[in-house]
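Okay, structure first, notes after.
Chain lettering (A, B, C and D) follows the sequence in which the chains are written, and residue indices restart at 1 in each chain.
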Amino acid sequence: MNLNSDDTPISAAAIPADDFALMRTENLARWPTGADVDLDEAVEFHKSLPQEKQLGWVMRRAAEEGRCLTQPRGGFGTLELQLELMRALDQDGMADIVPTTTDSYTRNEQWEQAATGIEESKRQGRSMLNGFPMVNYGPKEARKLIEAINKPAIVLSGTAMPRLTCEVGFAAGFSGYLGSGIAYTTSYTKDTSIAEGIRNYQYLDRLAALYQEKGVELHRRQPGFLTGTNVPPCIAIAVGVLDALLAAGQGVKNYGLELAQTLHLIQDAAAIKVCGELAQEYLLAAGFEDMFTPVTSLHWMGAWPQDDAQSAALVSYGGTLAAVGGAVSVTTKSTHEAYGIPTPAANAEGLRTTRMAVYLARHIRLDDLPEFKAEVDLLRRETRPIIDKALEMGDGDAALGAVRALEAGALDIPWSPSRFVKSRVMPARDADGYLRIYDPGDMVFASDVAEIHTERLKKRAEVEGVAFDRNLAVKSVYEISEPLDKLLPFPWAAE
Amino acid sequence: MSSINRESITLVTGVIGADTHIVGNRILSMGLEEAGFKVVTLGALTPAAEFVKAAIETAADGIMVSSLYGQGELDCRGFRDLCIEAGLDGILLYIGGSLVVGKQEWSEVEGRFLGMGFDRAFANATRVEDVVEALDKDFAARKKSG
Amino acid sequence: MNLNSDDTPISAAAIPADDFALMRTENLARWPTGADVDLDEAVEFHKSLPQEKQLGWVMRRAAEEGRCLTQPRGGFGTLELQLELMRALDQDGMADIVPTTTDSYTRNEQWEQAATGIEESKRQGRSMLNGFPMVNYGPKEARKLIEAINKPAIVLSGTAMPRLTCEVGFAAGFSGYLGSGIAYTTSYTKDTSIAEGIRNYQYLDRLAALYQEKGVELHRRQPGFLTGTNVPPCIAIAVGVLDALLAAGQGVKNYGLELAQTLHLIQDAAAIKVCGELAQEYLLAAGFEDMFTPVTSLHWMGAWPQDDAQSAALVSYGGTLAAVGGAVSVTTKSTHEAYGIPTPAANAEGLRTTRMAVYLARHIRLDDLPEFKAEVDLLRRETRPIIDKALEMGDGDAALGAVRALEAGALDIPWSPSRFVKSRVMPARDADGYLRIYDPGDMVFASDVAEIHTERLKKRAEVEGVAFDRNLAVKSVYEISEPLDKLLPFPWAAE
Amino acid sequence: MSSINRESITLVTGVIGADTHIVGNRILSMGLEEAGFKVVTLGALTPAAEFVKAAIETAADGIMVSSLYGQGELDCRGFRDLCIEAGLDGILLYIGGSLVVGKQEWSEVEGRFLGMGFDRAFANATRVEDVVEALDKDFAARKKSG
């Protein structure tokens, strides 16, 4: 893979067609099922699908009609189990978008081990893998998944190495693909350089653009949740915009942006609005005039409570937040989240609870609320400088800028496992339930903006009678997972 | 508790296997440091062998293994043997996190990991205070007996 | 019972002490356990309770501290089952207020039949009554319920005939009592005259005032849900204010007002605000200066969906609505609502889900939202004329006014079983999810106000392409109970 | 369906016992009237005997009993006998609503009420269209057989 080793200087420019053809040949040769990828046949297949099974079309229609679609996560280790799961999510869960999550071996391109996992799963009659080994099954087998459902399907594969999986997924007929160079590399890897992660996703984006050139509009999506742990909206949006610029650079036209919920009704609505706005602002400024960037809201990505009843409120509120915020889709969890991968039934229930919550709140908008407007304003003032700084550090190139900004900590991700991220920034929840930044690390905020964060968090420390220190951040990691008698005890209990 | 000197105790922490869940492990590491222990942090995605290597290099007294992603059961098989092979016979081994795939009975899960040679296993709602308490107890006991 | 027969002219004036003493003697003689009611002993018992087990105190503190307390409903047919239930609600459900719902025989003063129900329940080992037969057990046995829990307890008894039950309940140590003359008579009876119902509740209020005179502040509460079926906030509030005036007339000082949720975030918040406001406005105007009138929000009181997952969203959203609206407490339901009386476990889960939802939304207020302000304004303009008209028809007397206004239909209740209520008013949900009035019957609204209702509902008919007729009201009764594939189908399903 | 003349059929509706749940019963009554049946509405809180009395007075062909509050099982015992005693031998008896206390298996609940002599029992999500369909079917069958 000499065309994209760490020696090649990184840039946001499109991979030239010839180079890409070469890269594809090399890539597809890495595992036998690569030989089954036939781009032209796949293009025909995608074109033969009814529109409502094409996620690119579905996302555009949802945005036009003001819908909030539902989508779960889900993957099991064998085709049979995965078929059953996807049918359950489609029918019992009424998912508007049906997922296939890949297993961790596939994510790490350990296909030999995935093969063992399939065998073990078949032998034991239960899934021994935490997802579907897409590459091992190859495009022909995986296409059965597409044929089994009446909705569009998306590949979910948290990895910095999506190259072969995306070839197989698209060839199978998946019309959506989640993942991006900056977000996934900073949250799923330790030793992978940001540049390498970006390159891998440039491959994926370039492939999506190739389908686009051939008349198939696939939906690409950026996983805004990053480490899932109290990521302040300004950081999530900044990364989302940079990842979007990278995808645009490869020719992608239909690019979703995800945002993990902070669980604050106003902050989440503000984040959804500003995310869509700034994505368009920076894309336009970079000359990308026709990129469609719908925003998806994600159910709470931090630690969940052990109590199913408590978790039900998080599931339901997750629908409320997405609907009120005007997200085009919501990605759901279940009451089993604290324990482990949900059963198909629990997963479907999470979808239905969310769907009902969306129904109930579908008319509510906060746009004219002064507190909302203030938060929107603050968020814009937080986010633009982060993006501007990164672009500046990259001499206008988003890829180079992202690498350098992360290295310097000018762009930082809380709780990241990556060696290439400073991860000094420390978020915490303030007294009004907003996610704020306790310690910006090396990120630079305007002094009045920084002042707001500090003041709000000091207020919390004061209200709770605790020290204004790092423990605020640690407590905020635990908070939502705490049992109710700690969160909201009977206020006047006898001693 | 008064009988042990935490500053003289070195603990290696990390997340085993292909697991990227660093948050709980980092909070644990921060908390152990604050409590006075010497902590060597290996971070996420750490192969079993690296834990052992680091423990030898730092003459560690204990290894604190985190596993969240459900495949810990596979990753941890033979961990005690690796330690013994490397001459770390008496080293204290703790494991904590979401140790298995899905919702399973804790007592069974615990039994499985103790069976693999871990001295203690901790479920995922564990708070750092409780870990510190257990460490104090175990090291105090070792001091007495050893 | 000559002192309070239908011949006595009805009035809002306080029952004179002597008359009341006589009435009490007659009343207590109606069933053997009446002899066990010892007011002075009961007063001492109430005084001996810690403050946090006295609902009057707890409601005041909650209002001061801006809390939203949780309270379920619940009653089983034997003391043993009821003890178990209340402990579960207190401990597993973390209820801040623990209920005892009475059974329907008790509500209808059919104590012989209730006795059979107890026997049958014991024999079958499951509750054959839909609540706890408070009068049959009497104050001594019922006190065991108070002793079993660490929270204040409230009697819930939907009836127009509370006289003996309230004596027993207060004597047992219950510090809260739900029910009122207008609301319950119009929703729970067919042949009971409004005057008779009012008189019965004047007895109850007078009894509460007697405790107050003796130094025990009990919490009385008005059941604002009425028929529970799409009651527009203006009607609920008008009845609440009239009932509050009646209670104030007897000397009650601590009087809660309930409001059933419309399930519209903004309309419910507006209703909670206007309810508290108008209650104080009319009480002050009538010279009652120190009545405390906290507002309680009730989980959806209309028909529930059959699907537990869908119901979970109603439970959770019910907590959200109460918290955002600033209600002092929320009365909860469970995912079993469509099926029947919930098990203690399901009831406790409903409480916990609600509590978590309250926690998540505790910081959100909509007061500055223009849409909220407009709804508050509209609601005031709807409600004041209803109350004014009733008071006018009663020559300033709330009791007389209520009777006459209901008779004339100037005050009307949708879906009422009562012969004494016109029940011609027909509410329906508009295109934005607000509950509006399709047909006002004989109620008179200002023409601009009426115009708004009609216009909004016409808009809905237009949007849905259906006729603007009574079916809008019928559909609105079913709506929330409909399965999801009807409420929110995948929008672009294949034909 | 074409074979029966709904206008010639009189149905008595009401909510039995001490039950005030009138909404579903009223919607049912409205719907049956709209479908063309003659409907005699007794409303909420109707004792069993009043149903029978009204049925005799109006020479009704069927009685539509609603019960929602959970005590219907007690209220409805002997209802068929009351009808027979009053000479209403062949009268069609339907029951609908939330028929028992709590969440119970519907097939069991249905069996219990059919056992009491009801011709059909309906669960609480029943829509009026389905009731009309059943009535048409049952009256058509009676016409043929009778």
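In this text, contacts are C-beta pairs under 8 Å (C-beta built on N, C-alpha and C of every residue); 3 or more make two chains touch, one makes a residue touch a chain.
Since the model is a prediction, treat every value here as computed from it, not as a measurement.
The mean-CA centres of chain A and chain B are about 31 angstrom from one another, to the nearest whole unit. Spacing of chain B relative to chain D, judged by their CA centroids, is 68 angstrom.
Taking the mean of the C-alpha atoms as each chain's centre, chain A and chain C sit 45 Å apart. Distance from the chain B centre to the chain C centre is 55 Å, each centre being the mean of its Cα atoms. Taken together, the touching pairs link the chains end to end in a line with two free ends. In summary, the structure contains touching chain pairs A-B, A-C, C-D. Of all residues in chain A, only 50-52, 58, 61-62, 65, 67, 94, 96, 150-151, 263-266, 305, 307-310, 312-317, 319-320, 324, 348-364, 366, 368-371, 432-433, 484-485, 487-494 touch chain C in the complex they form. Those residues of chain C that touch chain D in the complex are listed here as 103-105, 107-108, 110, 117, 120, 126-130, 158, 187-191, 227, 229, 303, 306, 336, 338-343, 415-417, 419, 474, 477-478, 481.
Per the touch definition, chain B reaches chain A in the complex via residues 15, 18, 20, 22-23, 26-27, 30-31, 43-45, 69-71, 98, 100-104, 124-125, 127.
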